[in-house]
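Chains: A, B, C, D, E, F and G, in written order; residue numbering restarts at 1 for each.
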Amino acid sequence: MSTPAPTAAPQPFPAAGNISDADRENLRRNGVLLTSLEELYNWGRSNSIWPLQFGLACCAIEMIAAATARFDIARFGAEIFRPSPRQADLMIVSGTVTKKMIPQVVRLWNQMPEPKYCIAMGACAISGGPFKQGYNVLKGVDRFIPVDIYIPGCPPRPEALLNGLMQLQKKIRGEHLTGPDAAKHTRADAPSEYAVPTCGAHDIEPTHNPAVWTPPVPLGRLGKG
Amino acid sequence: MLGSGILKGLAVTAKNFAGSFYDPERMATVQYPEERAPLGEHYRSFPLLVCENAADPLGTLRCVACTICEKECPPQCIYIEKSKDKKPDATGKPQLYPVIFTIDTAVCMGCGICAELCPFDSIKMDKVFEVTATNRFTGLLLERDQLAKSNAYYHSIRPAEAAEVDARLAAERLAAEEKAKAAALAKAAAAAAKAAAAPPTTPPSAA
Amino acid sequence: MESLEQIRDRLLARFPGATITLVPNPGPAAEHTISLDNAHAFEIARFLRDDPALQLDYCSNVTGIDWPEKEIVETKKVSVADPAGGPAKVVEEKTKRIEPGRLEAVYHLYSMALRHGPVIIRLRTGNRSDQVTVPSLTPVWRSCDFQEREIFDLFGIVFEGHPNLRRLLMWGDFKDHPMRKDYVEPDDYEWEPTPHAEVLERAQAHYPSVTPGVSAPAQVEAKP
Amino acid sequence: MSAYAMAVAGSEPFLERAPLLLRDAFVQLLPAPTQWLVHHLITIVAILAVFGLFFAFTTIAERKLLGRLQNRRGPNRTGVPQFSILPWRFKHTLFGLSQPFADAVKALTKEDIVPAAADKLLHFLAPVLVVAFSLLTFAVLPFGRNLIPVELDSALLYFFAAGSATELTIFMAGWASRNKYSLLAAMRALAQVISYELPLMLSVVPVVLVAGSLSTREIALAQGGWTFGIIPHWNVFTPWGFAGFLLFLVAALAESNRSPFDLPEAESELVAGHLTEYSGFKYALFFMAEYFGLTALSGLGITIFLGGWQAPVPFLGFVPSYAWFMLKLVGMIGFFIWVRGTLLRLRIDQLTRLAWQFIVPLALINLLNAAFWSLTRDWTGALQLVRWVISAAIVVGPFVLLGRKLNAGRAPRTYRYATS
Amino acid sequence: MSPAAPTQAPAPFGAPSGPTVRTVTDAFHGDLLEVSMGPQHPSTHGVFRMDVTLDGEVIVKLKPVFGYLHRNHEKIAENTSYLASMPYTDRLDYLCSMSTNWAYALAVEKLAGQAVPDRAQYLRIILAELTRIVNHACLVGFLFNDLGTSFTPLLYAFREREKIIDLFEALSGSRMMCNYQRFGGCRIDPSPEWLAAASRLVDNFPRFLDEYERMLTGNEILLARTQGVGRLKAANAINAGITGPVLRAAGVNYDLRKVDAYGFYSRFDFRVPLGEHGDTYDRYMMRILEMRESVKILQQAFRDLPTGPIMDPKAKIRGFRPKAGEAYGRLESPKGELGFYLLSDGTPNPYRYRVRPPSLINLTLLEEMCLGHTVADAVVILGSIDIVLGEVDR
Amino acid sequence: MSPLQLCLLLSSLLFCVGLVAAMARSNAILVLLGVELMLNAANINFIAFWRYGPNPEAGTGVLFVLFSIAVAAAEAAVGLALVIAVYRHQKTIRLASINRLKG
Amino acid sequence: MTLALILLSVLILGSAIVALSLRNLIHSALLLVACWAGIAAFYLWAGAEFVAFAQGLVYVGAISMVVLFAVLLTRQGTASEPLGFASWQRFILALVAGGGVAGILVGAVLGTPLTVTTPGPVPVLTVKQIGAQLMGPHVVALLVVGILLTVSLLGAVVLAAEENVKSPEDEV
């Protein structure tokens, strides 16, 4: 496309190629060996992202389409859709997460071994999307599990999923093993198990996990009719 | 005989295997980031706001904050606040304009109803689909200045439709100008007639 | 196929005690309906299925409809004799009538054998709170199974005689019937970034802690 | 004079002797008492290195081949890690051939989860033992004219004894996970091994009968030579050998749990079967063992039916024997991948029925056939033709009959149409 | 038999805590194993769940559990305008949005008494039949995945699907969520190039079908896995309201394209294939044969496509407000009878909006079809029914 | 102690382990396994005497073990089939509870 | 050599004792596999290669599977019944009897003067020789074993086969 969307929100992922100041700093801090090890580690992980074979709704079809001949997610080494969460590295939440389903989703997420990543694919997974007015629809999967990459669209094209996967690879390549900005899975204080909500009498309880998600301050436009 | 069906199946896959090396019909992969399949003529991803002038996108928005799209949007992902004052629009007519125009792409379902119903040809569907974000509140909430795209850009993504819109707008503008001219002429004529008939005592109410 | 009137007459002849009324459909589709009373509905349904002239062997669609209690204002023009003895004056008299609420189940029946249809039947409950029972037609048409369960789930109609009347779509501990018109949705609305006022108010009621300075309105609505 | 001594003495081409010479040169450097140990260690390390690499490239080959079968490209952009200390960047993607190494790095560093309810000891032992058992079978395969790790008189018996133990580990994995799907997979694995151990052995017995030996080395040697200088004397080029080879292929697919017999790991039914609760490196070990098992069975098939390390045509005899073996191995693995890309899975009862009602009877008949073949060894000329015809008839007839019985009542159907 | 806890869904993979293997005894069977297949399971085609009780591998009890994708489509539609529900219908049966669109438009047109121009009717038939081809081809692919192929038939089907999806995208602007039909016509008139491309694709499609069938139909393993598996008797199927290819596989001649002759189907010459045994193989073959018939319909439609407007000039897009009344419109979607029941009270929003989902009702007899078969068969039987969860749970 | 004696000791102790298990355990399968162990102990004897016997070339010990293994396999197959058959009718594999043998 | 034998003996006896005293049947069966593998190793030690592999094949490859299958099939029986020893009295009785037998045997072994005290060279017995022996002097035994195996196979099938349940595929 001629112009990139302004929403792409260029994230400061350090590129693997050019040695940036941050890399130099990292080198100085960690020493050559650890940095090289880190790069090897990140290279391996970023090139071997096995998604969980887990489809929720419409977006799952586009996710399957991304694995088919035309788009071929295999080129990125990510075609091994594992049916068991124990062997998966990436959870693509593809579709509407309902309140009845979210306990299972969180449980699946808990069953995945670290390091694990989550892509919220499509409007429904991000925010409830078109169905956010529904009483049984969760308004965004990030209320309960941490999401690394959001891909909007309803559903996003398979190319958009590939693009999201590449963004995730970039993010993985920029992760550090030590230091203040160490990756989440290397820190002991980061949660590895997330609270599983229960289905209550009127709603799920709780409605969000405060450890994962806090509602942002609203824009303050109260008063419009 | 037992096994003949299996052998036939093996033959078909073998054919596909061989075909994947020389037959573009069979080798279907488009290697995405480097190669791209052309998007469909009417492909739509997220809405954009057309402005006349890329240099001053917010000043030349076609949008007049009529809030039809806000009301008709099925998932309610558009938020508009009207201005208090009026600014001349593309045709020079003073119009309201949106002070705030927000579209949440995290909610948008890309149905295109807003573009279909917009009477001012202001909201149109973009073709950009490579959108990712790491935060849905800062990354996917599009404000007025992010939504505004120039008419030239609109021409670049949908030439036929944009040309049609331009022609229609030009015709409307022409009609409006003519109307204004005619009105001015009529006014002048009337004034002249009035002036001719009697010295004016009251200011013309037709103004 | 016979007309609906003929069917009604035949049913009345066959089931003398039953209340069978025609409900007209004013729209262009003109798919009129027979309304059955609960006591005879099951027998009538079986008759409709087995009658050789009708053979309505296929129940396509089962729908629940909620008619909440509604205040109907009827204006009637009444000529009031002028006490002064003048000509009678036409006065609009307003009478308020409260139409009782009820729940309804609508069945669309077709015949696969004779390829005709639809014959639409309606079952009504007494009210929306304690008399919510209608007979289940699942023993007659197996296809009502999931659909009646769904209506039980979403509208709260209890189908008597249903072999397995459990919630279908919502989880078992769920208490409400969300498709009723007066259902209040859980107030976990996402307001960001669609701050339409009512949404925002509810959201602020839900998360008072993150909107300092804005007084949280009282709990918007008590949950049913 | 033993083959080994002959080889070292130099009566064979240099390339043929090269691995042995290399080993001996190294062994000579060490003090005499440790030489026997180092001798064997080198063999072990060589097998691990060669077949470890072979495993890596089998996985990438499988992914790429399956991709091509499905009209897509498969992994092709892994490249090499970009180390920031290096002054240059190697940008080439290496056609994705480094993909298995990325997978290995990931699998090694992945969190290892043991379910709380699992039988911890067995859960740990299963992946370790499965690799150990599947590696044991490599000991008796003749990879080349002189490259046979352990020369055993009863090598085939050893092979099957070691091979059958892998299914036991699958059972252990499935049972120890305390997961319903895994338990079902464990039951399936047991049923499968009970059904297919016998057919596998029975399909090999004719070769033993004709070769008169259980030694893999002698079986491979016996297949040397060419008829008319073109047709090699491989067992597969005889009627009984061909039938035996087909039976062996089916049984080998079943024994190594490959599609269409991948019932314990049936993805669409049992999620991941016995592997459901395994993550990280333990899962990788199972994966590895599956491919080792497949490679070993392919090696066995090559040894007993496809002439082992023998060259297919005389004028290519200068190519070293181990190269031929590896080439055939690649071919066999390719065939298995092709089958996997095409066929669908059997059901467990059909699997056992196929074994007991089809493969076992056919294998027994084939045994008779081989007996006939070895009894008529001295038929020549026109009688040779008669021998071929009779031998072919002995297998084809029962094949058709049994196949018809197995498939009784099932055929593609024709359908009626309604026009109104 | 111990009652299954209906409220809290057990973990799909046997939660780490608590006993996983529960032994249940009743008078007739040995040890029974209760397995909860789904909502995350590779073969439940989404978030469907089956609570299965097994004796060995044989199913003795099977209870479907729904609602994991219940996204309140009907409630949302009752709170919004008629037009705004159109994009939501795309997401009901997300594999065949074109026919779902049409079904909704059909019901609204019936409700409002709206006429549809000829060209639009032809276009609708073209798009619906293309959708049928897409759906059936993908279904066969998914079915074979359940049968244990390594994705190959699915990927061949998706290769062809992409070609048709490209057409949809060029016409309607979206690959899956077409939002193309309007009350009283269609949204965009296809260009002659589009029609030529579509016609070419349809002419080439039988070649792909032949190859597909050569690969699959005669396969002995397929015959063994599907013939005689999951039998459905015609009388039961009718009583359970089962429709579509599943019903016709049981030998009942009931195709709404013939029965209702909605749209212009009465102008087309096509046949309805009928099965005999009602087993999984028949259901599979119904799809293959229907694809061939669809190709015939499409060829006729491209030949006879009239010119003219695609939208009724009297149709109103904004502020659409049908008169009070009710209507039930139905058509033959690829999965069966898809119906929309609409009740209008004269306001811009429908008072009652109801979808009659074929996927849900076709599942009514799932337990009966699966009893006595193994887990592997249950997966295949479910696959052969062809459900899509967006429609089952709405 | 000579290796032969060691072998014989191993064999006799193994035999006794099997014997104790066969006598003391209540589970039919374990009893069967105890019997299998006793057979194995006998096989060890055969091999030991073949190895240290006067005439190893005859291979009689080896042949006996082969036959014994075959018999043991047959025994295991039939025994376990019996256990399964009994279990199917009586829902138990406790030997003490299997006190009547008619279906 | 002797050291290896002692280690093997410890392995065999240890695994056998532990296996037969465990409550968990699956663990018992798997430990017995270790025991059988140990016995196979003993055969290898003794130079009876062929027998060792046959032991591995039959015990590790086949009998263990059948045992595990039986354990799994009778899962409920093992879950609901006490798995331990039949009773303390029986256990003590068995221990006494076993100990007595062990004492007698050990005494006999230790007390008997054996002619062989130093191990000779490992006798070479090729597969060909075994085959010749089997087909020559022992052919009758071979035939009998063959018949026995066939009969036991059939018997096992008959015993374990369920009453003929009609499969749903067969009905029309």
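Quick note on the criterion: a residue touches a chain if its C-beta (ideal position, glycine included) is under 8 Å from a C-beta of that chain, and two chains touch if they have at least 3 such contacts.
The model shown is predicted, which means the values in this text are computed figures rather than measured ones.
Annotation of subunit B and subunit D: jointly contacted by A, E, touch as defined at the top. When the interfaces A-E and B-E are ranked by how many C-beta pairs touch across them, A-E comes first.
Of all chains, the one whose mean C-alpha position sits at the greatest distance from that of subunit D is C.
Relative to the C-alpha centre of subunit E, the farthest chain centre belongs to F. We define each chain's centre as the mean of its Cα atoms; on that basis subunit C and subunit E are separated by 28 Å.
The distance from the centre of subunit F to the centre of subunit G, each centre being the mean of the chain's C-alpha atoms, comes to 5 Å. Mean C-alpha positions place subunit A and subunit C at a centre distance of 43 Å. One finds 61 Å separating the Cα centroids of subunit E and subunit F.
Each of residues 88, 91 in subunit F touches at least two other chains. For subunit D, residues that reach two or more other chains under the stated contact definition are 69-73, 187, 267, 271, 276-277, 341-343, 407. Counting partner chains per residue, subunit A has residues 68-70, 72, 75, 83-84, 100, 111, 127-128, 130-133, 135-136, 140, 154, 157, 199, 216, 221, 224 touching two or more of them. Put simply, subunit A touches subunit D in their complex at residues 16-17, 19, 23, 27, 32, 35-36, 39-41, 43-48, 68-69, 72, 74-77, 79-80, 82-84, 86-87, 89, 111, 113-115, 185. Within the complex formed with subunit E, the subunit D residues making contact are 66, 69-72, 115-117, 178-181, 183-184, 187-188, 259-260, 262, 266-271, 276-277, 340-350, 407, 409-413, 415-420. Residues 13-14, 16-21, 33-35, 41-43, 54, 56-57, 144-152, 155-156, 159, 215, 217-225, 227-228, 253, 255, 258, 271-276, 281-282, 285, 289, 374-377, 379 of subunit E are the ones that touch subunit D when the two sit in their complex. Note for the complex: subunit D touches subunit G at residues 122, 152-154, 157-158, 160-162, 164-165, 167-168, 171-172, 175, 186-187, 190-191, 193-194, 197, 212-215. Chain contact summary for the complex, subunit E toward subunit C: residues 6-7, 66-67, 70, 72, 74-75, 110-113, 236, 238-242, 252, 254, 259, 322-328, 330, 337, 339, 341, 343-344, 351-352, 354, 356, 360-361, 363-365, 393-394.
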